[in-house]
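Both complexes below contain chain A, partnered by chain B and then by chain C.
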Partner chain A sequence: MKVHIKKWHAIAQWRWDTGNNDPDDDGEGDVCGICRVPFEGCCPTCKMPGDDCPLIWGECTHVFHMHCLLQWIGTASSKQQCPMDRRPWVTAERKVD
Partner chain B sequence: MIKIWSMKKNEDQAAKKKPKTSAAQIRVQKDLTELDLPSTMVTNFPDPADLLNFTLTITPDEGMYKGGSFLFTFKINANYPHEPPKVKCEHKIYHPNVDLAGNVCLNILREDWKPVLNLNSVMVGLQYLFLEPNADDPLNKEAAEELKRNREQFIYNVKSSMRGGVIKGEKYDVVIKEP
Partner chain C sequence: MAANVLAKQVQNKWNNSFARLNRAEPGITGLLAFSEAWRIATDFLYPRDLNDPTPRKEYSMQEVRASFEFLSRAKMLPLLMENFLEDMRKQQHLIERDINEYMAEWEAADTPDFMARLIYRLEKWYKEWSPIPELGSILLSAYTLAFQTHLYSSFPPSFSRGFKQLIASSFSFVNAPCPPWALPPEPHPSLPPGPARQDVFLWSACESLGLLDRYESLIASVCYEYIEAHVMETCAKRWHESMLTCLRGWMTDRVVPWMVMPYARGARSADEARQMLQGVGSRFDYHMCKTLCDLRLQELFDIIIEYPDSMPALQDLKECLSRVDQRNELVKSLRRANRKRLLHPGADTNSIIDQYKNTMNALRFLDPPGVLLYKVADPIRRYLRERPDTIRSIVTYLVGDGEGGEGLGNENENEPIQPLQQRQADDYNDPNWEPEPIDAGPDFRTNKPTDVISTLVSIYDSKDLFVKELQVLLAQRLLAVTDGNYEKERRNIEILKVRFGEAALQVCEVMLRDMTDSRRIDQHIQAQKQMPLHPTIVSRHFWPPLQTSMFNMPGQFKEIQEAYAKEFHLFKPDKKLHWLPHLGTISLDIELQDRTVSAEVPPLEAAIIEHFSTKDTWDVADLATEMKIERAAALKAVLTWVDLGVLKEEDTGLYKLLEVAEEASSSSNPVARQAAMEDTSSVLTVQQQEQEQMKVYWKFIEGMLTNLGSLSLARIQSMLKLAPGYDRTIEQLADFMEAARREGHVTVRDGVWRLQQ
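After this line comes the complex of A and B, so read on.
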């Protein structure tokens, strides 16, 4: 049997590396705790997901859309604390394992 | 590939076309679809198009406030969820954590608010105030003192106030639910 490929479509998918590598997880569960939009979506002030609306990690391992977190940290009542655990927010250089 | 880049270029146009739904509205919409309220709490939207202003009626089915029906208004501003919703009790009630003007003292509505909380957490927190009034963080000092000093008398006062009684010179609203 000879197979001739007439046409093919390349399909790619991207995801932020949030440390959730469970292949059964469709990623729907991973949402920003502040805006509740999936990490792969964008914060409410952005229009397009991707590098323009990145994620931010805290030393406490919690992840948010960067814009959402910065808006919270800019709020006086936040006392510069992580919205999840109320520890002082310290931005991590990269993903914290 | 080509399609993605052209989409990116059209970003500005997309921005113009995007309907003016604020971030707060989007988040409130999500909160409302995730609401999981017990039968003791009912929301009401006087203007169904306005999700940011609504009421909540709490009818405790246990505890000393059982039999009452308490109306709260929720006002959510454009900074939600960075700012908590503004919640007021529309009835004048005898409660250590609610003042006579209807202001509510609940930690997550004030200093302990954080944007990962949602409307469900606030509503459950409000209901909890009726099950466990907290004398340590009072807005109605008279009521808080009574709760600390003499719990039986406090419960008696609660029952009396809910029928529209007068306590220490203050007349309270009738909040007894019609049977």
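After this line comes the complex of A and C, so read on.
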């Protein structure tokens, strides 16, 4: 017997590839350390998630909504530091597998 | 001494009296003449028995008149009258005897003709005894009064019932010749010339007996009853045309001509008659309006069900209400009907909402300020708030899921879409401000939302509930879309945005964008590598919680998924895919040794059959463990394939792949085999036969659709399996349902079947 697939309409969710590779992750997922909204949600100023509200990776391995972090860096008190570990913020090169 | 004076006085009196009677005639000739005159007069006036066969003595009128003249000169007329009335009283028993006789006949026959005869008989008595008009009106009216008094006192209690019957039958004389019994027994002396109506005799007889005045309220009540009966007969349940004009026409044709007789018989001209009829006519018109109003109020619940087809009835009711103040009655009866027929657990929420919607429209029409609506709607709103599925029903209504495309789309063709209205405080600077209607309750507000959807949404304090429900509904629909056509959903969201505001529907907006994005991504990936997989990629957190399960697609499915995920990752390097294996549909070709089976199945079923491609025989329990799913779910999926004739149960829980279709050995379903054999001989009859057999199951299907509202085909199939002897495949069921749809029994929408309302 052979099974031929003619057409397959499937449903999937997208996730940010944050390196957290837990396949059974059905909970709220990781949240942005600044706005406390899940990464797959969007920052408080955005309406559309995903490509319109991307993430930003730091060399320090911390991840934030890009808009959240840029706003933070833009304030004087930030001293251009990562809000999590107070090391100078350096945006990481996107790792490509 | 005293005796002397007395004797003198008596003598004086006697002398005076004698002088008066004798009038200075010589001797007692005067007295003799007087006694002659008295004799003639009393004899002439004496009330005789009509039944006495002896012919009446002829009087020379000259002589009679002279006698009266004489008595009048002697001032003896009062005495004569007294004497006459006394005679009448003595003769009264004659009339009484007649009355009793006729009444007994009437009671035995119970037809109005005896009453008419009685009336004519009494009129004859009255005329017989009546003194000549020359005696002056005083004597005449004294006679009439005395006659009538005697008459009324001799009527038995049943007379009024009989009289009523007679009057009631008089309606039929208006446009038709009278039956012979209603005409006077002997030719009337003063037969009016020309086209005068024949019933005039009966009425004038009644009048001369004073019956019209005495029984005035009875006559009116007969007319009321006549009107009521007509209204009930012609108007009940007729809501599709305006009855009021037709009723008014009937009044003019039938009732007014009748009224002329009892109320305006004496009129000499049409104008005079109109004037005489004005008062009583408007009373009858009022009564007609009131009857119609009462009738319509009783039927109001059903009228509202039929809205807007019953618009003419509402028009009538509105007009009647303006004439007859029955607003309180309306509120009371409609609330009662609603409580009894609508607000109970047996009613479907959708029908309550439909009825509420119609009530709104109907009562807004009757009473634009909305006082009636406010009073009637309050219990409905309170009841709806308690129902768990109200929100879902309203949302379904909003996006137009009802039959016949009713809902948002249709609703908005005739009224502009407007944002949800909120209650506002009174605007004290409004120059057109009007006080609230007098019968408004303390909570009533004139500026309540007036459009249907705003009113429905305002049942709840918050509109967030609606948005949430809307999201769920939208998700269901979008996920069911396979051909990329979701323009209708997009349009609905656009319309709803106007109502609920952009911000509230942001989530839905994201869902719609996910749909377009998925398509774009899919197009890109298909360009890189052709794949049968076309996923919908959703943003979690923006969709309502989706069913998740942890089974893994086996074999080639997994390969395809992984390949797709890889391509996706290449296209969007910072994202990855997380499959929701339970959802979606797969269309497959199962290539077997002797045949190819095509099917469109959920992923679970596809996974199951994939497992059979590695091994011919599986135990359901093993399958369940292998796929990490529950046994029941696995069994259900396996049974789908059994129905399709791909698998077969070897042993309890043990299923085997049928590489070669089993026809001869399928002893389990001889009916199907028989049908298949006949199939080759004549296609049509087999189809008909199958239809016949399916009719048995139709009852089951009808039952489940009635109870559960709407079901998918797979659901119907799995429920029918419980029925004894059911052996159809889902395709056969689909054909049957399709046939039922063509016959108008069911409708299908988005793969969900429901009964045609």
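We take it that the second predicted complex is superposed on the first by the 83 of 97 C-alpha atoms of A that agree within 3 Å, B and C clash if a C-alpha of one lies under 4 Å from a C-alpha of the other, contacts with A are read in each partner's own complex, and residues count from 1 in each chain.
Here is the rule we use: contacts are C-beta pairs under 8 Å (C-beta built on N, C-alpha and C of every residue); 3 or more make two chains touch, one makes a residue touch a chain.
It should be emphasised that the depicted structure is a prediction, and the values quoted were computed from it without experimental measurement.
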Is A:75 touching the first partner chain B, the second partner chain C, both, or neither of them? first
Touching A:14 in the superposition: chain B (first), chain C (second), both, neither? second
If we overlay the two complexes on their shared chain A, which of chain B and chain C does A:54 touch? Say first, second, both or neither. second
Does the superposition put A:45 against chain B (first), chain C (second), both, or neither? first
After lining up the shared chain so the two structures overlap, which partner does A:35 touch, if you call chain B first and chain C second: first, second, both or neither? first
Partner, of chain C and chain B, that touches more residues belonging to chain A: C
With the two complexes superposed on chain A, say which partner A:1 touches: chain B (first), chain C (second), both, or neither. second
On chain A, the footprints of chain B and chain C overlap at residues 47-48
If we count contacts the way the header does, which residues on chain B are in touch with chain A in the complex? 7-8, 11, 14-15, 18, 22-23, 26-27, 30-31, 79, 81-83, 111, 113-116, 118
Would you tell me which residues of chain C are touching chain A in their complex? 479, 482, 506, 509-510, 513, 517, 532-542, 546, 548, 550, 556-557, 560-561, 569, 572-581, 583-592, 598, 603, 606, 609-610, 612-613, 657, 659
Interfacial residue positions of chain A with respect to chain C in the complex: 1-17, 23-26, 29, 38, 40-41, 47-51, 54-55, 94, 96-97
Which part of chain A faces chain B closely enough to touch in the complex? 33-37, 43-45, 47-48, 68, 71-72, 75, 77-78, 81, 83-84, 86
